[in-house]
Amino acid sequence: MLSSSGVPLNWYLLLSAILFCIGIAGFLYRRNVITVFMSIELMLNAVNLSFVTFSYKFQQVDGHIFTFFVMVVAAAEAAVGLAIILTVFKNRKTLQVDDINSLKN
Amino acid sequence: MNFYLLTLIKVAVVAGVFLTALAYLQWIERKVLAHIQLRPGPYRVGPHGLLQPLADVIKLITKEGFIPSHVNRFFYTLAPVLAVSLALVSISVLPFGPRIEVFGIETWMQLTDLKIGVLFVLAVSAVGVYGVALAGWASNNKYSLIGGLRSSAQMISYELPYAVAIAAPLLLLNTLSFREIVNAQSGYYFGFLPRWTIFQGPFPQIISFLIFLIAGFAETNRIPFDLPEAENELVAGYHTEYASMMFASFFMAEYANMLTVSLVATLMFLGGWNAPLPLPVSGFIPTVILVLVAAICFYHGAQPYRKWDRFTFPAAGIISLGLAAIFLVPILQPILLPLFWFIAKAGILLFVFIWIRGTLPRFRYDQLMHFAWTFLFPVAMLNLLVTGLMVALFGK
Amino acid sequence: MLPEPLRDYAPAVALEELNPAMIVGGHADRGEPTLYLNPDHLLEACQKLKERFAFIRISSVTAVDRYPEEPRFEVVYHLHSLENNARLRLKCQVGGPAPAVPSVTSVWSGANWYEREVFDMFGVEFRDHPDLRRILMPDDWEGHPLRKDYPTHGHKYSYKD
Amino acid sequence: MDPFLFLLLAAIAVICALNLVVQTHPISSALSLVGVMGSLAILYLLLGAEFIAAAQMIVYAGAIMVLFIFVIMLLNAQGERLTRRGAYVKIFGVPLMALFLGLVAFVIQAALPRSEMVHFGGFTHGGPADIGRSLFTQYLLPFEVVSVLILIAIVGAIVLARKEID
Amino acid sequence: MPEVSPEISEEVSTAGTETAETRKRRLTVNMGPQHPSTHGVLRVVIDLDGEVITSAQPDIGYLHTGIEKQCEAINWSQVTTLTDRVDYLANLSNNLVYALAVEKLIGDIEIPPKAQWMRVLLAELQRISSHLVWLGTHALDLGAMSMLFYCFREREQVLKLFEMFSGQRMMTSYIRVGGLALEPPRGWHQRVKNFVDIFPSRIDEYEALLEHNPIWLERTQGVGYISVDDMLAEGVTGPMIRAAGLPWDIRKNEPYSSYDKFDFKVATRTANDVYARYQVRMEEMRQSTRIIQQALEGMPEGPWKADYQHVTLPDREKMKTQMEALIYHFKIVTEGFRVPPGEVYQAVESPRGEIAYYVVSDGTSKPYRVFMRTPSFGNVQSIGTLLKGKLIADSIASMGSMDFVLGDVDR
């Protein structure tokens, strides 16, 4: 399987899957809202890797475009999400997701 | 010749020259600042303090690397490493000269040419915030933290005009590779006006050049934008808690960033190693300058102000006369002339950096942010739009 | 009853008219008018001087320790009128185990620190002062350094934690 | 050369990702994520996605993650305490996760021919010019929609942050 | 300027009555006593609401040396050396005010015109040197570090002049009761003339560097306002009050030491901000140069100290030839001269404002009480009013514009 000059395409996809699973694990396991947020970013990254890999496989640029859009959406999401976290922290003085379980106090 | 061996040699040469240049940049800064401020500057170690950088390095290395007990050890040690390595890495894509032939081997005066070289430089400078921000956070000290926060906000804010200012000339040049960028700026209008981007039609990029320089000052945290380390307000900002080599790493990073900004500005706006005048004339300019330098040195040597001037000035004069002669050797000219112009342009920009530091006061923090968002960024955007319009209407 | 040199001095005359018990003495030594005031009427007099004779500035407040005479402290106020380009010195003599005078901070807010300094250095209390605590010496210092019975040298002090 | 580079970067990415989940302090997690992004950027380069690699560094590592770190520093976030739910995840989640991973791996193995290899330089249309051409022709509408989205996000972020300033 | 370890404490106020709506970030920042920009050991406790200062409480006493107490234990003539140490950037003004106060107490002592002219000249030189220190350090606080070196270049010349006549650069003790300590050496007046000839062009140089600089203007204009009424109430004097448009200068209003014979203008501005204070000080340096020029041109001939054998030391020649002079010399040196009982209050205009000594004599050879009304004390008292409601980022520029000397505050 190990040729001198190439990597099996599967490996990229497997790496993507592993990263995605770790992202899920972090999302479920962690209790800090910022870390949870970062786990989501990790999952997005894993998916991006798949897109780029498929782009290679089909020799088309569309996967790159999609990755690009994911990045833009991630940037927007980070801006709004972090603003929400800031506001929540000002009001509740906590970053624990378990403590942020009600809409009003 | 073996590609790997050649690359290794080039890496060694570039790293050696670059690091020495950093050390001497600091010497030059101290000398220039001192002369602006009417003092002699470093003077004791070696003739005119020329060995001062060496003494500094020895002193800083042998000094105790003190880690305060209240810091976050891992990030505290990681931050300077990050700062200095990220500052040094962008040199790998910058070319210093054209394709040359040494001992029958043809090579470029460049480590590697990325197709996306400009993007690479931008990416590295974008990540460069981490060193400063982490240092401020890991020091576990209010002044450091405020310095770190200020610098993250400042660097993110100035990243935008910085990138937009680079984008405008790219519209004219239509490439992201530094080699091609320089090649696209060769040639002259009317036989004397160089086709550098700051002069190039259809829309000369003088505005983006200025914006790039201003944002470059902010990116490198230098006066008038040195809020992160404003010593009169925050003591020393993010490196308050650092000592010895770790402290020096931040300085190295600052000087490396300064050098990178100057080199990128030279490549992007000032035509890289292209001479400002066509060849037969420009070929003699270095010789003339060096002969003038030698004359000044001999004059001062003849009228010594201090005891050792009788020897040091004539020695410097002889060296520059020798260099002047070397510049006339026809075989060496294709190598030396581009290098001379490249270093001369970058050197002038570096001098501007130091000169500004010696003259200007510091912004207040809100004024600095105000300046970035309400002046620099809109102007950069407008410049980009106008450039795009001009290229679309009158471009090739 | 006004002393001889101050008979023609308008502020003194005015205060005397206001309340004969206000001024207990005075002199105009070396051309500097000085009024000795009764501490009980100090605020009233200051108010009057500020309003009527434009002594809008208080240049300083200090004290002199006449130990071992009694009353031992003279609290000295230097007033200044920019309008009339005139200066006036007021004095209050206080003594006893707990010397105290009314604070003039309600008239001139700038007297704040000067009164704190007098309190710090002489131990004279200023009644109704907004923030009467030591200013130059440490908060837990014992004694009042500018008193005449306080030694110039040889005082021992150890810092408390 | 390629497999070695891939394995090295993949190892770094996985270790950093695990570190993200394991570390208790948000700053450590954020830096691990930067590590993941850096190694992914180089993997993108191996796959011929030059522009995406640069964008990954500039946008993801240089802007989004700096924003994260900025917020963590601003809030002076401390290490978190784990709750009971965290323990549940540890007991039941890990086997389930392994199962899920195995399933995905099986699907990948089954769906794709095993002999297909990735060579560096096997795909050369990932430069800025190609991306730009696609973006402004075929994908023009999504591009414009996304720019509106960004505008909305900026406005939203400002509105949310304003609330606490006033 | 030495960089010292920071002392900053911060606590989020946790007042229980605050509701979620009114809760804001409240910080208490402790600036100093060791901070590079407080110019000495001043501590300011600042309460912040976001970026805005809600209250600022200066805390002084870190440099208290007990000079007033010490004055009561030494001779009248020995006190002169202590007055140098009060405001070490304007020591000659302190010498002058002490000498004037004691001379007023003695009463019938006549100061010869030459000594008076010299006193004016020296006080103005001192004013220039003090303002130069202020300009350099203030510019350094705002990040313009080269200004410091330019200002110290000229200050160095002034200090050399001081060293030339008194042997000391800073603690000159040159103005004594009854005149001067010594006659200035030969060539000194020429050196002063050389200095005042070039100095106006140097002021132009500073102005060229600062006034055409948009960053400097932006950081100083409209910053650090405090109303005239507040300043008068808090006891602020000197350039601060003149920058608010009040032409109050003790040199004009209560002329001492023949200031009334000199032609000069009181520098005033009306903007009442940091920039106006800067302009006032620049203008004062120009006026001081004018005064020095006039003093040099009209320097009277004659003795440089009063002929008053009870107070001033006799000439060396006289002492060696006349028995009586020797006895007076011996008495003054060993026991000190006696001053008639009484009390005086003498004010002069120092570079920082009204400096006044209240001296009480009980007729012995030692002062009974010397009270020093120093300008910085009153100025620093107003920091609370000055900073309240301002931005924390402007606090350094505002406090710097006050030009306080901590030795002058704490004594």
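Quick notes
Letters A, B, C, D and E mark the chains as written, and numbering starts fresh at 1 in each.
The working rule: a residue touches a chain if its C-beta (ideal position, glycine included) is under 8 Å from a C-beta of that chain, and two chains touch if they have at least 3 such contacts.
Just so we're clear, the structure is a prediction, and the values are computed from it rather than from any experiment.
In summary, no chain was found to touch both subunit B and subunit D.
Listing every chain that touches subunit B and subunit E alike gives an empty result. Of all chain pairs, the one linked by the most C-beta contacts is A-D. Note: the chain lying farthest from subunit D is C, by mean C-alpha position. Chain centres here are Cα means. That of subunit B falls 66 Å from that of subunit C. Chain geometry summary: the mean Cα position of subunit C and that of subunit E are 25 Å apart.
Taking each chain's centre as the mean of its C-alpha atoms, subunit A lies 5 Å from subunit D. Residue positions of subunit C in touch with at least two other chains are not found. Residues 1-3, 5-15, 17-26, 28-32, 34-35, 37-39, 41-42, 45, 48-49, 52-53, 55-57, 59, 61-62, 64-65, 67-69, 71-80, 82-87, 89-90, 95-96, 98 of subunit A are the ones that touch subunit D when the two sit in their complex. The touching residues of subunit B, counted against subunit D in their complex, run 75, 114-116, 119-120, 122-124, 126-127, 129-130, 133-134, 136-137, 145, 148-149, 152-153, 155-156, 159, 163, 176.
Against subunit E, the residues of subunit C that register as touching in their complex are 29-30, 32, 34, 56-60, 62, 64-65, 76, 78, 82, 85, 87, 89, 108-110, 112-114, 121, 134-138, 145-146, 148, 150, 152.
Residues of subunit B touching subunit E in their complex: 33, 36-39, 141-143, 223-224, 226, 230-233, 235-236, 240, 358-367. Interface residues of subunit D, counted against subunit B in their complex, comprise 27, 31, 34, 50-51, 53-55, 57-58, 61-63, 66-67, 69-70, 73-74, 127-128.
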